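To keep things simple, chains are lettered A, B, C and D as they appear, and every chain counts its residues starting from 1.
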C-alpha cells in the first residue's frame, strides 16, 4: 500500500440547504458511496460561506474544502450563488497566487436531483486531495520565532 | 453552558447496521456540554419522542442533538417535539448520520468514526445555539394585481370571490390585455372576445374589485403582509363619474389620425378614444399628444358635444396610496421588435405582418372589418406564407433563446381559419419544429394539415423579397426533401417571438423581485413554487413568468390567487427566525450588505449608540425580519462581522468547522 | 505651498472651515506628520512638501464627527480613498472642504536609505535630492527616492474636490501589474517561498490595517471576539496568513490601491501585492474597476453577472 | 583582546551553532531581524538596526504558557517547559543590551517571570559596538555607550576583523568554545574605531536632546498637559513603535482554541496603542487614543524611572523614530514638552 492510499484526508464540504445538501441526501438514499473523509456542514446558501470559514478549516487541519451550491440561476435565494461564485473565484486565485495547491479548494454546483453528481464530485475531490497529500503550505507560511 | 442531550437513532437497521450507535452514544457523552446520551430504535416515533421528552425533564436539557436521518426529513419533527416538552425549537440540531453516513459507507468502523464526528459538530453547534423566537407581522387583507389582462382579471376574480378586496392596476385605458386583441382562440376556436368580455364585466362589477385603468404603480415599500403602494392615476381628461360612454366625443373628434395601439398600428383612432368597443371602463381618455386642444389651445369639440359635461382638460395625475398584503404581477407580454430581421422585409412591405396583426386583420372589429386582404392594395391574397420562430429559439443576440410556446398553435389556428373561410387560398407554413403539447393540441394541428390541407414545410426562410408586381418572393429551404424553395406569396405572416412587457423590469426593481436575463420574473422555485416570486408576498401570474397560452395563464392565475388567498386568510404571519441581525456596535453603516440583499430587507437608521461609554449617532443596518429569508449573503459582505445570521452564526459554523477538523 | 497655506488660513479665518487637516512640519524635511490646525498660530507649522505622503482621507472619519467643516488636503490618489469612504457613508461630504493639492510623486526617506545613504542629517525635496549626512554629502535622483506607488500613479486628476491648488504630474513609469504578473509567472514553489519569506517578517503591528482607508471598520474583525476570530499576535503559524488574506479580501473591490499599506509596513512587506492581485483579477474577470472613481458604482463583490467565470478558472491555469 | 577575520565568521557561527542555538541578525526578504542561525541563513552584521530589537530572544512576541486538554470528562493542564538549554544572542547593540536590562527590572523582580528568567539564565549575550551610528540614534541621552556596549562578550566590527573581548564568566565560556578560531591581538584598531564613533556621536542631530524635567516629580503636570491633545492626533493606533521597541514589555494573555476540546494559553506582546489595551471585564480604563498615546511616553519617561531608581525605559535606539508611519516619536514628544516648558 502506498503512502497516499493510507493517507486519510480531512475534507470539509459546505453544502447549501436547498440544492447540494439535498443532493447529498439523494446520494445517500441512492446508496451512492463516496469516502467517509468528507464531512458536510449545512449552510442556508453558498453565499453564507465566508472565506474565513475556509481558511479556518485549513488552519485547523483540513486538507481540502469544497463548497457546493445550487446551479447558477437556480439559487433558492435567487442570487446567492452568484455572489459566492465571485468571492470564491477571488479567494482561490489568491491562494493560488500564494503558492498553495489550488486543488485543495473547489466549488461545485449540485442540484437536489444530482445525487449521482454529488457522489462523483466527492469521489473525485477526495482522490485529488489524496494525490496532493497532507496540507502543509496553508499551515506554515510564517516561520516560528 | 448548555446541558445537551444526544439522541442516536438506529432507524431500524438503516443506521444501526453500519454505525455502531452505542459507540456514538459513548463518545458523545464525553463532548463538552453533553449531560445525557442515549440511543433508540426509532427516535422519530411517538416512543422515541417521549424518550426525548423524559430526558429533557430529567436532565434539565437546554439543547438537543438528534443523530438520525437528514434534517430535511425530521428536523421539523424534533423541533416540534422539543417545543412540546418546553424547549425552544431552535435548540435542536440534527447530525445526519443516515443519508450522509450509514447509507453510503460499508465499513462499520469508518462509518462509526464519521458518525461520531458529525455528532460532535452538531454538539459544538448546539453549544452556541440561542433560543430563537419566530416573529409575527400583521396582514393587510387586500391584494394588488398589476396588469389587467386575462391573467390579472382571473387572479383578481378568484381572490375577490374568496372575499378579499383586490385592486387591479392597468397601464392602458381598459382592462382586457392581449386577449382582447385576439380573434379566435385555439384549440376550440372560441371567439376571444366572447369568453373574455364576461370576465371583464364580472371584474368591473365585483364589489370586492377596484380597477385603476390608465394607471401605473409608482412606488412600493414594505413587505409581505404589509406593502404600501403608490399608484399614479394618469389624468384621463374625462370625468369617469359623469361620462355615460355614449361615444359622441370620439365620433366628433377632429383629430383622427393617431395610429391605433389596439389595432397594432394598422388603423387609426381619434385623440379622445376608448381602445375598443367593449372597453372597461367605457370611459374614453384624451391622448394629450394628439389632442388639438392640448396642442394648440383651440378646438374643445369634445367638451361642446359632451352632454354629460364629463370632459375636464384640467384634470391632473393623481397619486393613490394604498396598503396591500400581497402583490400579484401579471404584466403580460409584447411581441419583439423586428428591426433586426430585415430579411423578412417587415419594414419594407405592408403585406408582411406579425401574427398579432393578423389577429386584428381577421377580427370583425379590426381595420379590415374581418376581411382577409392585403394591407398594401386591399386585394384578396391567394398565397399566404407563415414563418415560424421569428426571433424565438434564436442562438444569436437578434432574438430570444427561448421558445415562445404559443406560435405553433396560433399559426395552426390561423391557417385553419383562412382555409375554412377562403378555401381557394393556399397556406404554407415554414417551421423548425411543430410543438403541440397540450390537451387537444396535436389533434388540432393534425386537422390543419389533414382536413384543411395546410402545407407544412420543415425548414427556415432565408429571405422575403418584395417583387415589382407587388408579390413577395419567399426563399426557403425544405429540410425534409433537402431542397431550396422559392415561392411567390401575397402575404407573409411572421410568428414573432414574445417578450415580457417593457415595464416589468421597473416593477421588478420596485418589488425587489428577481428577473432573469430575458426579463421574465423568476419563480421562488421552478418546480415547487412556480407562481411565487422569491420575494415573499409577491406572486406571478401569466406570461410575465414565462411564455404560456390562455388555458395555462388562467390556471396559473388561479394558482397565484390561491397563494394570495392563503396568505390573506392569515391574521398574522410567522416569520422565519433564522434571519440576519446586525450588531449595532460593530456596524459601519457602509451599505454593502444592502447591496447584496435580494429582498431589500436591509435599511439604515441613524441611532444613538453607546459604545463602551462613547455615545454617538451612527448609521446602523436594520434587518426587516419579515423580509429577510436568511440566505446570509450580507454576513459575508460585512467586513466587521457585524452582520450575523441567527441559527447559522459565524461562531456556530466555525465551531462545526473546528469540530470536524479536530 | 505658500498659496495653499494662505488659502487654508483664509478659509479658516473667514469661518468657512473650523479646522485644517494637513501636515505639520517635522524635525526635518522628510518627517512631516498629519495634523489638524485650528488657529492662525497653529498654522505656522503647516507644511506641504514632497515628503507629505500620508493619505489624509481616513482622518476625515473622525473629523466628520466634529462641529463644522474640516478643510482637508487631498492628493489626486487620496481623493479616490475619500470617494470610497463617501460611498460607504463613513464620511460626510458636507463636512469636508477639499483642497485638491498638487502632487509630483511623493518621496520616502526609507527609499533614500535604501539607496545606500547612511546617517541622513538633512535632505531637500528637490530633483535631485540634496542629502547631507554624518558621513558626507550626496545626491539622490527624485525618481529613485519616490514611493513605489508613485511609479504606478493613478494620474494627476482629483476625482473629488472643492478647489485645486498646485500642479500635479502623472509620475507613472512602470506597469501597475508587472509585479503581480511576475509572481503569477512563478512556479507554486517559488510563489510559496516568496510569500513565506515576506510574511515571516510580519510583526502584526497592524500598521497596514490602521492606515488603510478601506479598513475603516469601527472594530476590526480581528479585534472582535464576536466572530471568534480575535487575533492579537501570532500564536499559530497560520494566523498571520489568515490575517493578510482576509484583510485583502475584506478590502477587495473597495481598495483604491493607494499603497499606504506598503508605505507604512515597518518590515517592508509588499502588502499592496495582495490588493493589486485582487484588482487585477477583478479587472480581468469582471471588467475594469477603480474603487473610488465613482461614488455611485456598485463594487465588484456586491454585484455579479450570470455569465461570471467559475472558480475553476483558477485550477485551469490560474487567472493571469 | 582577540579577533577573527571576517571571512572566518561563518566558521564561528557554525561552531557556536552546532553546540547551541545561535540567534543573530539575519536578512530575510530585504529586512534584517534577529533569527535562528542555520547553514543557509543570510547573516547581516552591517545593518545597524534590526527592524525588531533583540528582545524576542528573551521575551518572544508570543509564547505558550500551558496547554489544557480534555481527557474523558476531566481537564488536564500541561505547563510549557522552561528554557533549559544554553543559547547565544550575537550582534546585539548597546541600546538593545540596555533594553534587556530594562526588561530585567520588570521580569526578574518579584514575582519573577520564570519563562524570562530561564532564558536569561541560559542566554549568552555577544554585543557589537556601533561602527556607524545613525541620525535617529540618541542612546547617549540615557547614558549608553555604543562604543563599548555591555554584554557577556563585546565585539567590534572593522573592515577586516571582528574584535572580541569577553567580559563575564558566560563570555569566557563562550570564548573557550570558539578559542580555536580567535587570535590574540592588541586593541589599537578598536581604539581607533571608538574614537571615530565618538566624533560621530557629537554630530548626531539628537546630540543635545535634553531630558530635563522628565522624572517622577513632574507626573501630574505632564499627565495633564494640553500638549498631548496636539501630539496624539496623527497616531494611527498601530503597534509599530511598541513592537520594534527594545523595552516595551506589556503583554496580553489569551487562549487559542486548539480544536481538541482544549486551549493553549499563550501570551503575546500587547501594545498600549491598541484599543483593547488593558481591556478588562468591566471595560477599559483608557477609552481614548490620547490616553493610550500618553501612556506610552509617560511610562517610558516618567512612571518607569519613578519606580526604578531613575532608569528610563527608553534606550534611544531610534527605531520608533524611523518606523512610525505618521512620523510621530518619542523625540518629538520630548522636544514638544521642552519647547512648551522653555
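The rule we apply is simple: contacts are C-beta pairs under 8 Å (C-beta built on N, C-alpha and C of every residue); 3 or more make two chains touch, one makes a residue touch a chain.
Predicted model, so just to flag it, every value in this text is computed and none were measured.
Comparing mean CA positions across the assembly, the chain most remote from chain C is B.
Across C-D and B-D, the chain pair carrying more C-beta contacts is C-D. With centres defined as mean CA coordinates, chain D is found 30 Å away from chain C.
Separating the centre of chain B from that of chain D, both taken as means of CA atoms, is a distance of 69 Å.
Chain A and chain C have Cα centroids separated by 35 Å. Per-chain CA centroids place chain A at a distance of 33 Å from chain B. Shown for chain C are the residues in touch with two or more other chains, namely 200, 219, 221, 227, 229, 234, 236, 301-302, 306. Shown for chain A are the residues that touch two or more other chains, namely 51-52, 56, 60-61, 73, 79, 83, 87, 143.
Residue positions of chain D touching 2 or more other chains: 61-62, 259. Note for the complex: chain B touches chain D at residues 30-32, 612-614, 658-659, 661-662.
Here chain D touches chain C in the complex through residues 28-31, 33, 48, 51-52, 61-62, 64, 132-135, 200, 203-205, 230, 233-234, 236-240, 242-244, 252, 254, 256, 264, 266, 268-271, 274-276, 323, 325-328, 331-332, 335, going by the rule given at the top. Every residue of chain A that touches chain B in the complex is listed here, in rising order: 10, 12, 17, 21-22, 24-25, 27-29, 31-34, 36, 39-45, 47-53, 56-57, 60-62, 73-74, 76-80, 83, 87, 119.
The residues of chain C lying in touch with chain B in their complex are 65, 87-90, 216-221, 224, 226-229, 250-251, 298-299, 301-303, 306.
The residues of chain C lying in touch with chain A in their complex are 180, 183-184, 186, 188-196, 199-200, 202, 221, 227, 229, 234, 236-242, 245-246, 248-249, 252, 274, 277-278, 281-282, 285-286, 300-302, 304-306, 308-315, 318-319.
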